[in-house]
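Presented below are the structures under discussion, each in the form of structure tokens.
One chain, chain A, appears in both complexes that follow, with chain B as partner in the first and chain C in the second.
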Partner chain A sequence: MAATAPEWLLASETDLAPCALTGRRRRRGFLEKTIQATARFLQSAIRSEETASEHGLLQRLDARVKLVSLVALLLAAALVRHVSVLLALLLATLALAVSSRLPLRLFLTRAWLYVPLFTGIVVAPAALSFVTPGEVVVSLGHWFGHPVGLTHQGLESAALVVSRVTVSISLVVLVAMTTSWPRLLAALRTLLCPKLLVLVIGMTYRFLFTLLGAVEEMYVAREARPRSSERSVRQGRAFVFASVGALFGKTQALSEDVHQAMVARGYDGDARMLERSRLTLVDVAWIGACILVVMLLLGVDRAAL
Partner chain B sequence: MHIPDGYLSPATCAVLGGVMVPVTAIAVARAKEVAKSRYAPLIATGAAFSFLVQMLNVPVPDGTTAHAVGAVLIAILLGPWAAVIAVTVALIIQAFLFGDGGVLALGANAFNMAFIMPFVGYGIYRLLSYGSSLSSRRRVLAAGIGGYVGITAAALCAAIEFGIQPDLFETADGTPLYAPFHLSQTIPAMLLAHLTVAGFAELALTAGVVAYLQRANLPLLAFKHRGIAETADDSSPPRSAWRWALIGIGVTALLTPLGLLAPGGAFGEDAPAELDLGKYHLGAVPRGLVKYADFWQHTLFADYGFSSGQHETLAYLISAGLGILAAGAAVFAIVVTTRFVSGRAERSPSAETA
Partner chain C sequence: MQRSEPLLTCEGVSFSYLGRFPALRELSFEVETGESVAVLGANGCGKSTLLKILGGLVFADEGSCRAFGHELSERALSDDGFSLAFRARTGFVFQNSDAQVFSPTVREEVAFGPLQLGLERDEVERRVSDALAMLEISELAERAPYQLSAGQKKRVALASVLVSSPELLLVDEPTAGLDPRSRQWLLELFGELRGAGKTIVLATHELDQLEWITNRCLVLSEEHRLIASGPPSEILADFDLLLAANLIHEHAHRDGPLVHAYSHSAAHHRESAGRVDPGCSDREDC
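And now, the complex of A and B:
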């Protein structure tokens, strides 16, 4: 059954004025920010479940196959040395997103908007000749007799990092949005991770929602109390520390309860998993396609040297 | 501090991932040994706690907010090895579900935040809180400083990982292939950000939560602090004499470099021929000294130096370290042998009477 997110959870924040000139932007306090972060977490978890239950190309693949091909493609992207090759791979991720019926707006904002923007800001200074010496393309004057400006090497390096980071995040988002979490876990188990670690990861994911509820309750209760003028940064911090301390108490109680319940059901410290699914023809075709793509990428990249 | 994919070369990721595999394996083995079947829920709630702590905004002056990693706090509450697994699991979920931190860079992120940070922070905490009661203010301060130093150490590691990229990986024309900044740029940038803002957020969170637990839930804090008095009034456990002996030896060892400043030498230490005989009112070099001066020449570090005579200071310090190790090993061997012998002597009569 497809899970659907309620409208209120998907609604974007409405307290921002559309333009800085027409209204004053309200500075959000730490309470509001945390409550919104918890809502965002739930929203993205539910949206991923929703998109993972669509009938697209990537949803049909076995999670293990997806995980292996993800690592292979990430490695290929890390080894490639040309921006043009990376851009081709980026277009391929867009095609995969379309063929997997992912909501494009969501995919593009998660993978193509903030990450490249942030990375761009971080690596932009690398284009300067101070950081990356080389052939100056855009001159910005002289500094103690040396020409200063943007270098060819610096610009190329910055472009390389931004495009590689964008490709990598796109690949991860593709897998995250098309694979339900239990399947991804099962795949992790059959591949590399020790059983016990996978059991812990699975339990952690479930506890997250329980404890997130506890955090949200504490914060909403605090927010609901009438605001008084004496509320200071100091008091706010004291509240955060108290909630973290209380949260730790809750985690200990929860862990004790869960442990007793597990022992009552016959848990003896060894993790057992359900049977795994089998590979289909689509999976085999996908593996072949991935090997081809990786070889093509690396081949073209080396040939262009 | 989460490093995304694309900044680090696959080789760097492989090395750090390779370091984290045995570390995680040891952590799992140790935690299992201590917590037995309670292990899975305990670590899982710890990991969920770690994830949520990273989501909470800590208010800082000027109306802005900052995040803390919380790895040192978890190390104090659950122990450093449990912190390794809890933070690693939180990082795995962040990387695969939210694209926060890279998949290939998972090993690097785990090395910085799940290994270096909890261990450095916890070490500082243990050192500074040594001998204090569970509800003392010194313990709060120690926790805070542990958090501050822990996150700064993690940031320094990240800076080094970034900074070595342009020197190791660049094309023929000098285009850096991965993170383009050099060590001289990454280290000041990361340290400035963490020594000023992020470090204080971590300090406030770690100290604040420990202080809260001291007031509101001391048993919870006592969970990982067995054998430590709850208040200063309680009789503190007796400290064994060998601890003080070790401290004394440690201080002496740290003072080793003073020897480099010392002028002159002992009587006839170097070679009999160099003796200033007139100073000691002697007519000739003593016969015994002549006879035994060249008795043993098969030393590793003759005159506390390398045989090549280069790097005098380094050789002196290495000699000091090796000397301490050799003496320590000898004492240890004597103690073990004595115990073994006396243990056998004690056991044999009891076996006869039984």
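And now, the complex of A and C:
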């Protein structure tokens, strides 16, 4: 069977545009941004794996111990009613980040920047005198004939919410950055989470990388082909819908293969998994320290009332 | 289970996807214990489907299949006892390692099979360490699958199957997508397993080193029928058969005003890479 190429394929193209910078520079569209976000997610996941494999304080702890202490500290942060106590806890999270060899810039960006900023914007109206009446510390003039300002009580309430949220996020980020995903899943399994749920979460996370890789490949393949310089939202939308369809097909085929691979190795609907971790002295010491910190936080908070 | 009859028997097996797209037509053959059989055929001829039928993952529309002295049907495999016994004796290595490596870490992946089969945890841990060491991937034990190369994933997939020490190994396109060193290593491993008396059925369209790793070949036609069965030396010598099954192609090149045409296999290309024209040095395309 000899291949017969059409004439136009064997002849060289004569009326191609010159290979020079003669077009318009185009701005990045939503597709490019989405793909870049995909790449950022992959990088961030890889970065988290790197920080989790550092030899710092929190990395040495058993994931179960970290999860239990996280819940205890979150509860304590929710019960504390003084901003100063929460600020002390916040400083403690920073100390933990340092002792766990986390990149401080990354930790502060994830925990202390965006979430507190947006929480602050959301709770800012609570500081106004007509929402929380009290002693006005910053006057904002008269609105509709009434004096309006930021009250001491309102500012305190807003600061309490923002600091509580920041502490909670910092604690969660600490655990997330110092625990690898598989260990976190294993810890969830032992802490009475349904095994099937943990299995599904684990497989979703695992195949997310495969499917994100497929999305990137589809996009790169599209970019590699010559297209009109006139791009429209409609073209972009058509590509997205076509990609969703193709990805759906790939996902379905992959899920069938995965199921068969599981069945072939004896899966009968009840997944049995390997549990290995044993508690060490460091874990026991950490549990003791956490109990002490929680009692201290609540005690100081009560005494300050 | 009685073991006097062949390990695998297929009689008149036919299978089609969605009832419309035939994948296999009236296949009949046997595989004895300890045999190493290559299922040869072009892309889309039904090799993977046949392996899945032998692995009890899909079931024939017509005809019957027996394994380990028992009929291999959906009904039989719904029996806990038979299912466990069959899965413990059979290992399936998929072509797509990504689908087979589904656990969060390599260690958990390799432990999955023996845990499902009910082995004691200490025994599972011992076997996992041994399997990782055998496949030279101990340092990957705590890695996530997305951090592995294609060759490493293939090794993990193999470890996850061999850890259960199956009597019957079904392997789909084992060397697909592997670099030459990994490919050679894998072929040597199959040679060793064959020497150890494991029964191996592998689907491939690679003819290179077939004689070393198998003692019989089944050839499927592009019409999804079994067109030949015999020792590799006999099959590889039958150029008309290989040409008909699309396992080799008729090669033509110009020599001045003359055009030479002759049959060619991938193996022949590699052996005579220095003698053929340089444009044909690519194994896959030439």
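As a convention for this text, the second predicted complex is superposed on the first by the 260 of 305 C-alpha atoms of A that agree within 3 Å, B and C clash if a C-alpha of one lies under 4 Å from a C-alpha of the other, contacts with A are read in each partner's own complex, and residues count from 1 in each chain.
Throughout what follows, a residue touches a chain if its C-beta (ideal position, glycine included) is under 8 Å from a C-beta of that chain, and two chains touch if they have at least 3 such contacts.
Because the structure is a prediction, the values reported are computed rather than measured.
Enquirer: Check chain A with both chain B and chain C modelled on it and let me know: fit or clash.
Expert: fit
Enquirer: Does the superposition put A:L254 against chain B (first), chain C (second), both, or neither?
Expert: Both: A:L254 reaches chain B and chain C.
Enquirer: Just chain B (first), just chain C (second), both, or neither: which does A:G266 touch?
Expert: second
Enquirer: Looking at the overlay, does A:V293 come into contact with chain B only (first), chain C only (second), both, or neither?
Expert: In the superposed model, A:V293 contacts neither chain B nor chain C.
Enquirer: Quick one: classify A:E49 as touching chain B (first), chain C (second), both or neither.
Expert: A:E49 contacts chain C only, not chain B.
Enquirer: If we overlay the two complexes on their shared chain A, which of chain B and chain C does A:L94 touch? Say first, second, both or neither.
Expert: Neither partner.
Enquirer: Looking at the overlay, what does A:F207 touch: chain B (first), chain C (second), both, or neither?
Expert: In the superposition, A:F207 contacts both chain B and chain C.
Enquirer: Just checking: does A:W181 make contact with chain B only, chain C only, both, or neither of them? Give me first, second, both or neither.
Expert: Both partners, chain B and chain C.
Enquirer: In the superposed model, does chain B or chain C contact more residues of chain A?
Expert: Of chain B and chain C, B contacts more residues of chain A.
Enquirer: According to the stated criteria, A:V244 is in contact with first (chain B), second (chain C), both, or neither; which is it?
Expert: In the superposition, A:V244 touches chain B alone.
Enquirer: With both complexes placed on chain A, how many Å separate the closest C-alpha atoms of chain B and chain C?
Expert: 9
Enquirer: Based on the A-chain superposition described above, do chain B and chain C contact any of the same residues on chain A, and if so which?
Expert: 181, 203, 205, 207, 210, 254, 258, 262-263, 267-268, 271
Enquirer: Please give the residue numbers of chain C that touch chain A in the complex, ascending.
Expert: Touching chain A: residues 52, 55, 57, 80, 83-84, 87-88, 90-92, 94, 96, 98-100, 102-105, 107-108, 111-113, 115-118, 121, 124-125, 128, 142, 144-147, 160-161, 164, 249-250, 252 of chain C.
Enquirer: Where on chain A is chain C touching in the complex?
Expert: Contacts found on chain A: 1-2, 46, 49, 180-182, 185, 202-203, 205-207, 209-210, 254, 257-258, 260-268, 271-276.
Enquirer: Where on chain B does chain A make contact in their complex?
Expert: 4-7, 9-10, 13, 24-25, 28, 32, 36-49, 51-53, 55-61, 63, 65, 70, 73, 77, 85, 89-90, 92-93, 95-99, 102-104, 166, 171, 173-182, 185, 204-205, 208-209, 211-213, 216-217, 220, 223
Enquirer: Residue numbers of chain A touching chain B in their complex, please.
Expert: Chain A reaches chain B through residues 27, 29-30, 33-34, 37-38, 41, 44-45, 48, 70-71, 74-75, 77-79, 81, 110-111, 115, 119, 123, 125-126, 131-134, 152-154, 156-158, 160-161, 164-169, 172-173, 175-176, 181, 184, 194, 196-197, 199-201, 203-205, 207-208, 210-212, 215, 233, 236-238, 240-249, 251-252, 254-256, 258-259, 262-263, 267-269, 271.
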